[in-house]
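Same chain, two partners: chain A is paired with chain B first, then with chain C.
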Partner chain A sequence: MSETSLLVGPFNRVEGDLEIRLEIAEGRVTAAYTNSPMFRGFERMLLGKPPLDALTITPRICGICSISQSVAAARALADAAGIAPAPEGARVAALLHAVENMSDHLTHFHLFFMPDFARPDYAGRRWHDRAVARFTAMEGSALKAAVEARARLLHIVGLLGGRWPHTLAIQPGGVTRAVSMRDKIRIGASLKAFRDYLEGVLFGAPLEAFAELDSIDRLKGWDRGDVALFLEIAADLDLARAGPGPGRYLSFGAYPGPDGPAFGRGIWAGGVAGPLDTGAIAEDISHAWMLGETAHPREGDTRPDETMRAGAYSWCKAPRLDGRSFETGALARQVIDGHPLALALADEGGVRARVAGRLLEIARTQRVLEALAGAINPARPFMAAVELPQEGAGEGLVEAARGALGHWCRIEGGQIASYQIIAPTTWNFSPRDATGTPGPVEAALEGARVAGGEDTPLSVQHIVRSFDPCMVCTVH
Partner chain B sequence: MQLHSGENRPSEEGQHLSQIETFYDVMRRQGITRRSFMKYCSLTAAALGLSPSFVPKIAHAMETKPRTPVIWVHGLECTCCSESFIRSAHPLAKDVVLSMISLDYDDTLMAAAGHQAEAALQDTIEKYKGNYILAVEGNPPLNEDGMYCIVGGKPFVDQLKHAAEHAKAVISWGACASYGCVQAAKPNPTRATPVHKVITDKPIIKVPGCPPIAEVMTGVITYMLTFDRLPELDRQGRPAMFYSQRIHDKCYRRPHFDAGQFVETWDDENARKGYCLYKMGCKGPTTYNACSTVRWNEGVSFPIQSGHGCIGCSEDGFWDQGSFYDRVTDLTQFGVEANADKVGMAAAGVVGAGVAAHAAISALKAAQRKTQSDKEEA
Partner chain C sequence: MNILWLQSAGCGGCTMSLLCAEDPNVLDLLAGAGLEFLWHPALSAATGAPVRRLLEAVIAGEQPLDILCVEGSILLGPNGTGRFQMLSGTGRAMLEWVRELAPMARHVVAVGTCATYGGITSTGENPADAVGVQYDGSHPGGALAADFTSRSGLPVINVAGCPTHPDWITETLLLLAADALSRADLDGLARPRFYADNLVHHGCPKNEFYEYKASARNLSQIGCMMEHLGCVGTQAVGDCNIRSWNGDGSCTRAGYPCIACTAPEFEEPGHGFTETPKFAGIPVGLPSDMPKAWFMALASLSKAATPHRIGVNAEADRITVPPSLKKPKP
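On to the complex of A and B.
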């Protein structure tokens, strides 16, 4: 009587399709199985194509994080050619990428995550009326303001990249658009307008004040903007303890510059920071409908198992580092960058920590954007000459909004001979591995409360969305 | 307004909806002022290329006609179409159009989840049988009985057929729904199939592009909601008002093409002067879309303006035409002034059926590909 199984999905307000099977006993989730029910086969389409086609094809994996894919592809090809992009080009690519990540964070908070608190299920809570007014799906006042601010911020991508999504300007050697002094001023104006929005609406105070928070107590004391509403809800619903992840975080390092990435690279496990060895990455396919062996993405393959064999339950492979699952995303990036608030949140590791980590990153990324834009020198070259090799291999490691994204490419006879992609949500939403260890979300869902009669448990919704899943990237 | 999202709503509102609302009612209820409404009508007329004398007609139609419900579904895709849509140029137009369609079903933006969402879809279909517009983003994969895209435990192709059965018309958003797009790239691992190959008994309007321009999307949907009919379509089923012009003909760099001034390598001196990108593989000469006039991200720019050639993403098969950086070689074969309609008509003349024209054009293109360099074998 007390043991039941529940299939939750499709999920709305996540990018792409997702289904989760829950085993429930005594009002708690005892086991979760995530399935990414959409497979398109990008890694197969790329085979035999001219290597530069990856710049056009891989961004189309995802219409939300297309620049991340574009930057990763450009880096993988540059790596194969053994060249570095022109410094100004790299700067503009980082600027474009940071704008997209910022937009995604804004989208997640307003369009995907917060609307759940406007549900009638929460009627009667002291914050509910405000949540309804601000965050009701598609019509809350905060949503409209965020969508408009985001559209204006994306003018920068429009200006430098021609359009968003599916920008074409980012190349292995840099960017196709040389930035003029006039462009630089327009970018500065767009960034100023965005800062005004963030400080006036989302945070209700200077971003620096939020970025300076260094403890959970100080975070809890934040009483301005929509951030305060989130924190109030989080305290009332105890979101701090909902959905703790594996406690291991991974980041490839975001926005590389001459002095290293703006947000550092590395891992953090069991309270200890460490270096990242990408050679220790392997994709386990024991529970995926894929054929082949566990392999490093350099040697990996993507052959769907059309029999959809029993025992497997997802199209998603299970990436592991040294055989262990890792959580990736904004919180992970901030933890690995060593920010004191993020380190405090890392121990907490639940829904509140993920969302607060994202807000912290918004506050900090604005300064990164301003620094990148300010440093552009219009007189210098924006593109280095690149000769792609007939034979070669390269890796492109970037940080998308949702976490670590890697492209591994091998060129033979002037054509793509192998192309493997591990997306952030592949890490976070991976199925079990050969040892039976669940993926980060599967682990986070264990213990989630399920009230009687709930067929789409609210706690599960909050936990899943706190990761900001992008399912179209997960299985590509 | 998630009336159909399965959430508890006060019953009096349910009764209110049983009467037929006009668009104007809906907008006013969403807090849009009369002044904004009139502004919206002017913008719409302008976007659709109609004269100012149409403004009162649009206003009258919106005030008196019952609103047309829209169901928006997603198959194999990347959501770039939705992403494009929600940042259309005039926040007003976006708000108004979103307020019109938000009453119904969109599984990316709506509030409900899981079984509630499925119920909402079913409710909307039942309630507006024969009256709603089905907007499709993405396409169904047909291999292995459609198992590569499962929505609510069933193949997406089933959801699509079910939703289309009682639709008044179907909008194929983007290259995915219109032509298949990248997931249909060789070897098309999942047999991703465009909507018109699966739904054959409904009027279908294709709005290709990867993604389509936001203003084109709002323009098309507004036209259909306002005038209750499809806009004029070209031979490929695209709205002529947005797809009748070649990128190349309206390109601000065209004078440089005519003068023989070309970018030779990325970021060379010619690139900084804004010369033509033809030699860098620009597909503007064979692509029909409004990018060079309407532009992107609220009219800021478009790919050619960013110094990168057009990749022809609104054309059938753009993803499998050889390298994106090869020069267009079929210019001379078609003749510089040939357009898609002429090609389409010639093909239709041969086979005698508009439906087959599409396949014939693809065959033509395949034949042309063979005349190109041989590195495209794979």
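On to the complex of A and C.
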């Protein structure tokens, strides 16, 4: 019997800084502790600023979820003002947001997740030569194709948002640039080119064929594109059983439209779908280097414990819903939207489920993008007038690529008096709470295999990256 | 040349922007110039222990380092310890790593306005005590001393921008690889002059509105945003409207103001980012190198001469009055 502990870091091919401490016995992880080791303090930076400054400052929390932060800030301010954006403006904001999420999913699969299978550790596996050719870090042919397709897709953000990341185009009243018919045609052309890439390379077939899969057996039978290579690897390495999450999923609902969000809002726990009560959210700080009390973000505070007290081990707070941890992300969104394949994957809940959930969302989001772009009416206004109140409060709830993102702001005397943010990876990579219950990724890592001599266990890397953590958002 | 890239206290957006390089893609572009990453936190295969060994080898002088790129501000807090950002797995602050690695590098490149001057991470009460690699705002002396030079003899090269344009980074790296970047190629804030000698105003599609001070009053109107909406494109360095972003984009093309994200202390304009501070109804900031009296005289004259088309369009969200056509020749 051998018991040991490992400190894994710098943990790369995740966005931002992550350190994980593992306790290991008998070749298995027995406990995991996730540390978000960087504190910048955005919630404090915003205090005393004019409320609209949140539109400049909060996107800069994160260079990969920048538009998600933009949209959340714009919605929180619009909520405080008690207005709705111009419908065409809301549509364009949703389009920009979906482009970013799509781009992030592509980045994750090709640049962050798949390169691990090209490692020499897997030499001799029947798929290894293909993984090396397609997914070697910085060199693989699939990586290059994805980087190029992503850059072209982001031309839509260049056109409507000026640049990516860090646009100021998304405002509480809509967007700053009215879309002309020429723009609309151009966007359609970019989306068609992106569909051709997805169908030609990643899926190897019409997206609709993938989106229609309704069972794990049918998923396992998918034999085309780089998706097939992933599924072959997943089967060989039994990634279905690696890293199961808490089995509880949360989504704020993505891309709101006149008929509700394109992907629905709610929770899913123990096999049962339910409504989401955001009033039941609270951030526990028992194991975070933070001072204060457990609180709903409306009443929350961010005061770093500069002593970095023993007993705490992360700058990340631990958000809980009704006292329970929840997993959020593409899989969660698709589960809560009720897609049959996602519902089957929800029970599985591990590495394969998370990655397949993301692939499913790519296939479905392309249609959302096409519908949003097709519905733009260039003749209408894209911005509504907004008067921000001297006193007020608002919340902005969106779905970033990595899951549920919330902004809660309070305005007093025309200035920001409180601004609290819970990012998706704050949920997924939270430390333990006051009951000692680990956060979702901490729980998922328990039981992970560690081979003799491994100082940076591969199974742990697969599990962590399957969540697609965004650590810069996590603490903010 | 090899590159070691560290992400200190920033958003990672400059790397994300870098990945938007086109013709060719960033991976082929850098490889084609003989540039390879020793390690990059978002792109490299290595994670954990092998990375720690690599960093130690650089500090021990066993692994030569050509270019150290630092993306993100450096956190001095709490209380000068740098412990608000520990480089994970190492038990040491990023502040210490940067101070030990920088003297080993032939060149040090600060990528983005956080790394150059502190940037957005230092706004408000600057809770984490963020500074740039070699500047604290506009003042020389950040995580590294004001008189630091790397082994090449150059100071830290400041590729400022929030985010940086992908080409600003790649072209800086390519110039270094070609041994074609000297101190004279950097401006007074150590920014590469190939982009910092331009103003965002150059090539701005709102130039005709600017000529007549025909101004947008609200965002989404297409007039010039200098008078009312906080645009400082006439003072901000960058070739944003010459080379454009993500295809054909730029901030002003998308209808929102330039906030001078290439400048030190852009994060603290002293007023809302999308409003223009005025004194007696007149904008406080002047275009770079413009004598105030001349500006006032020309502005009032041109405003009075604003053609109908330009005045109407300035306050519309699209062109409503087209240019008049020449009459056919008789």
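For the reader, a short list of remarks on this structure follows.
Operating definition for what follows: the second predicted complex is superposed on the first by the 475 of 476 C-alpha atoms of A that agree within 3 Å, B and C clash if a C-alpha of one lies under 4 Å from a C-alpha of the other, contacts with A are read in each partner's own complex, and residues count from 1 in each chain.
Going forward, a residue touches a chain if its C-beta (ideal position, glycine included) is under 8 Å from a C-beta of that chain, and two chains touch if they have at least 3 such contacts.
This is a predicted model, so every value here is computed, not measured.
Look at chain A after the overlay: chain B and chain C clash there. When the two structures are aligned on the shared chain, A:M38 is found in touch with chain B and with chain C. Within the superposed three-chain model, A:R150 lies in touch with chain B and with chain C [touch as defined at top]. Of the two partner chains placed around the shared chain by superposition, chain C is the only one that A:L18 touches, whereas chain B remains out of contact.
By the touch criterion defined above, A:Q415 lies against chain B but remains apart from chain C after alignment on the C-alpha atoms of chain A. Contacts of A:L160 after superposition: both chain B and chain C are touched. In the superposition on chain A, the residues of chain A contacted by chain B and by chain C overlap at 7-13, 15-17, 19, 37-41, 44-45, 47-50, 52-53, 55-57, 60-64, 66, 111, 115, 118-119, 136-139, 144, 147-148, 150-152, 154-155, 157-169, 171, 173-178, 304, 306, 308, 315, 381-383, 385, 455-456, 461, 472.
Touching chain A in their complex are the following residues of chain C: 7, 9-17, 19-22, 25-28, 37, 39-52, 75, 77-79, 83-90, 119-121, 123-128, 130, 162-163, 218-220, 240, 244-257, 259, 261, 267, 271-274, 317-318.
Only residues 7-13, 15-19, 35, 37-41, 44-50, 52-53, 55-57, 60-64, 66, 107, 111-112, 115-116, 118-119, 136-139, 143-144, 147-148, 150-152, 154-155, 157-169, 171, 173-178, 180, 304, 306, 308, 315, 381-383, 385, 455-456, 461, 472 of chain A touch chain C when the two sit together in their complex. Residues of chain B that touch chain A in their complex: 1-2, 5, 7-8, 30, 74, 76-84, 86-87, 91, 94-95, 98-99, 102, 107-118, 141, 143-144, 147-153, 181-183, 185-190, 192, 210-211, 265-267, 271-272, 291, 296-298, 300-309, 311, 313, 319, 322-325, 375, 378.
Residues 7-13, 15-17, 19, 37-42, 44-45, 47-50, 52-53, 55-57, 60-64, 66, 86, 89, 111, 115, 118-120, 136-139, 144, 147-148, 150-152, 154-155, 157-169, 171, 173-178, 304, 306, 308, 315, 381-383, 385, 414-415, 455-456, 461, 472 of chain A are the ones touching chain B in the complex.
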